[in-house]
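Chain naming follows the written order as A, B and C, and within any one chain the residues start at number 1.
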Amino acid sequence: MAIISVSNLTKTYYTYRRGSSFTDTLKSFFRRERISINAVNNVSFEVEEGQIAGILGPNGAGKSTTIKMLTGTLYPTSGNISVMGYTPFRDRNTYVNHIGAVFGQKSQLVWDIPPVDSFHMNKAIYSIPEKEFKKTLDELTSLFELEDIIEKPTRVLSLGERMKCEFVMAMLHRPKIVFLDEPTIGLDVIAKQKIRAFIREMNRQGVTFILTTHDLEDVEQLARKVIIINHGQKVFDGTLQNLKMNLGAKKIIRVILTEPVADIKLDGVKVIEKNSDLEYTMEVDLENNSINAVIRQLTEMCEFSDISIKELPMEKIITEIYESKSFNE
Amino acid sequence: MLKKYIRIYRECIKISIATAITYRLNFILDNFIMLASNAFFPLVTLLIYGSGAEFPNWSLYEVLLIQAVFTMSTGIANILFNGVLWATMRHIIEGSLEIVLIKPVDCLFFLTASTVDFSGAGLFLGGAVLFAAALSHAGPVSILMALQFLILFISGVFVMMGISFIMAATSFKWVGNSRLPEIFDSIKYFGRYPQNIFHKTISAVTSFIIPVAMIGYFPAAALLGEADGIAFIAVLPCFLFAAAGVLLFKYMIRLYEGVGG
Amino acid sequence: MACSCAVQCGYNHMVGAEMMNYLAKKLKVIRAVALVTYKEWSAYRTHSMVSIFVGPVYFIVQYFIWSAVYSGKASLNGMELSQMLTYFGVTTLIGYLTMDFADWNLQMLVRTGKFLTFALRPIHHRFFALSQKIGHRILGFIFEFLPCLFIFVFIFKVNLKPANYGWAIISVILAFLMNLYLNYTIGMTAFWLVQASGVRRVYLLFQSIFSGGLIPLMFFPPLVQKLMLFLPFQYVSYVPAMVFIGRYNLAGVSMPIPHIVGLQAAAVAVTALFSEYVYRLSMKRFTGVGA
């Protein structure tokens, strides 16, 4: 069952053009030029209950505008959104009781006091009964092993500890859907893993997550569904495997030669990086050539001291999608 | 519903006090500086009277009483409402107002409650001391006069609230302008002096349109037994002004959410 | 080539040429930095324009206060009402030409560690701050000074003709420098104190009271006036305003205009030297801490 369904969502902004030269500054005081920008353009998608869906896109692609509209804090210019049967922007007051949000760069904790006091604030805001509050708090803090940490002032906590507390804060009222905006930004590897494990555990308990991130590992480890937005338009919607398959099977081969060669030219092989005369990185399109054949041809062509074969990295996949203008399932 | 808001407000006050305690030294310094920088106005009045000049028909203590009431009102406003402007401004600049909007609570209420700041307490106390000193030189105060004072003073606090909310609302459009308060401070300036020194048009504006006369002048006049009909007619515009502040802020929130935008 | 030139032109001339070269270089820096600052801040020009509202509103209040105070009195502390209004108009306008926040700026640079990027440049940071201030005040001149001057002169009909243009301009320039040196010195406290903003706020408080922007200094009790003679605050606002009006008097000391401007120049020089002394101490501390 779709818990979120979005159809033909569009958001148009208007801004004014402002110059920076001396005459421009004087001129713009009297007359300003209006420009319209389609931040989100006719986007439709659905998210099933209990899914973890990743929304990807470069900076300024329209991700956060979409999230804002999903959370009900921004009115769409046109189109429909339905989340758990609510229209977020219209029913915000009741709707927001059932959602949670973690913004990696916008802290909800009060800086100077221990997180536990901020939690009490949320208890009052969401009218959480004392017993339920206590139970949820115990459960969440033990899951994150935060028992001692929530008593210390927020400002002395490490970023990882603070982020964990942000998650606790967002989950106290037991939301059905949680929006995560760059939840692992700036964290070290261990903290990232802990956060991801937490998300998986909460997901197992039935919470649906909507995730925007630049960290593709988040997506690879968490999201079963991926939506890619670029220039305000949806350019991909499907599973991760689907995404990789759609781009065709490709491998990356990296070789270190013992002697320089004139050039490496093989069928279905593209040199994508050449660090020196001896270091080559190649992309092999397996539709045109088999990996077996490529290696055989390589050994005939040149001598190398090292060779490695890798999957096409996610970054590369994403970049290819961003660069291709329209790309759909 | 009301109970929920009272609970939230209580949590906010707890947090504010906890913060003040953590930064004791800063808190005391803030209190002192706020008090000292508001001490100018009585100072100018003192220097004028000290030079042998005066406001016609006003004794030094009567003028100081106006300024003491004004100072107390400013102190209360600093504790209760003034944080809204800076919080709103910060959220607009950082684009983080969403974290308030996704809470199931009124945005203006939450911003006001979560920025309660007792750094204005020193100012209020300073005003109260001046108030007591000035009042001791005034004639006897009847219960009726005290009651009148209380009503007018509370109306004045509502004007302060209106000004804070209008400033915060303005910061949606005038992003990051830290000089915004100067505009409103300059208008409030009219409320610190006996209104009869101003031109009739000006005192009509300061009584009924932007009722800053209610912040200092009218309540003080009530204690001096000089509250007339005008003072009580001016109570209504005060509440309208406060309501205008609330509505303007809500309107700006709607615009921010992109209604019809 | 260079050698034969030196022989031909003579030693003195060469020093002169080098000096010119040096000054031209400095001017280039000022122009470049001022221009960048101007552009940077012109995005905030509507912030400056707050003054177009605030300045006149404060003036209106002052007008009514002093009209009431002067009722039935021809002069107070040796000033007539019209002079008093001129005084408030002039101090407001001088404020637009001389204000800066070198103190705040420097404290922020030190606190955030950005000062390092300046320490690495072959330029004295105070000179950089001066150039910035010039750019910033050109903006103030256009968007604060000129509009308010227009309103004061043509709408409020305030007499804003200086007693002597030359002395008034020199005095304002000296006030401009004085304010920079003072604020910069206050800003340098950040090299020693973590919470230097407290010092700054207390200083600003004193400055706003004792510079004369609030009320002419002759209104203060005689003892305070005597103290003011020995403090730098009066040179920022009170002195240029009185030079503008054409007579200076404080704590019973009257001085002809050229004398008070000379004294102001001397005070600026002393402050500059003191500021340089503190700067050297700061650099020692900065590099010592940084190493």
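Basically, contacts are C-beta pairs under 8 Å (C-beta built on N, C-alpha and C of every residue); 3 or more make two chains touch, one makes a residue touch a chain.
All values derive from a computational prediction rather than experimental measurement.
Chains that touch both chain A and chain C are the following: B. Of all chains, the one whose mean C-alpha position sits at the greatest distance from that of chain A is C. In whole angstrom, the spacing between the mean C-alpha positions of chain A and chain C is 51.
Chain centres here are Cα averages; for chain B and chain C they lie 32 Å apart.
Computed from the mean C-alpha positions, the centre of chain A lies at a distance of 45 Å from the centre of chain B. By the touch rule above, chain B contacts chain A in their complex via residues 4, 7-8, 10-12, 14-15, 18-19, 22-23, 94, 96-99, 101-105, 110, 114, 257-261.
Considering their complex, residues 44, 46-47, 50, 53-54, 57-58, 60-61, 64-65, 67-73, 76-77, 195, 198, 201-202, 205, 208-209, 214-215, 219-221 of chain C touch chain B. If you check the complex, the residues on chain B that touch chain C are 25-26, 29, 33, 36-37, 40, 43-44, 47-48, 50-56, 174, 176-180, 182-183, 185-187, 189-190, 193-194, 197-199, 202. Within the complex, the chain A residues that touch chain B are 11-14, 68, 71-77, 89, 92-94, 96-97, 99, 101, 103, 106, 108, 110, 112-113, 117-118, 120-121, 123-127, 153.
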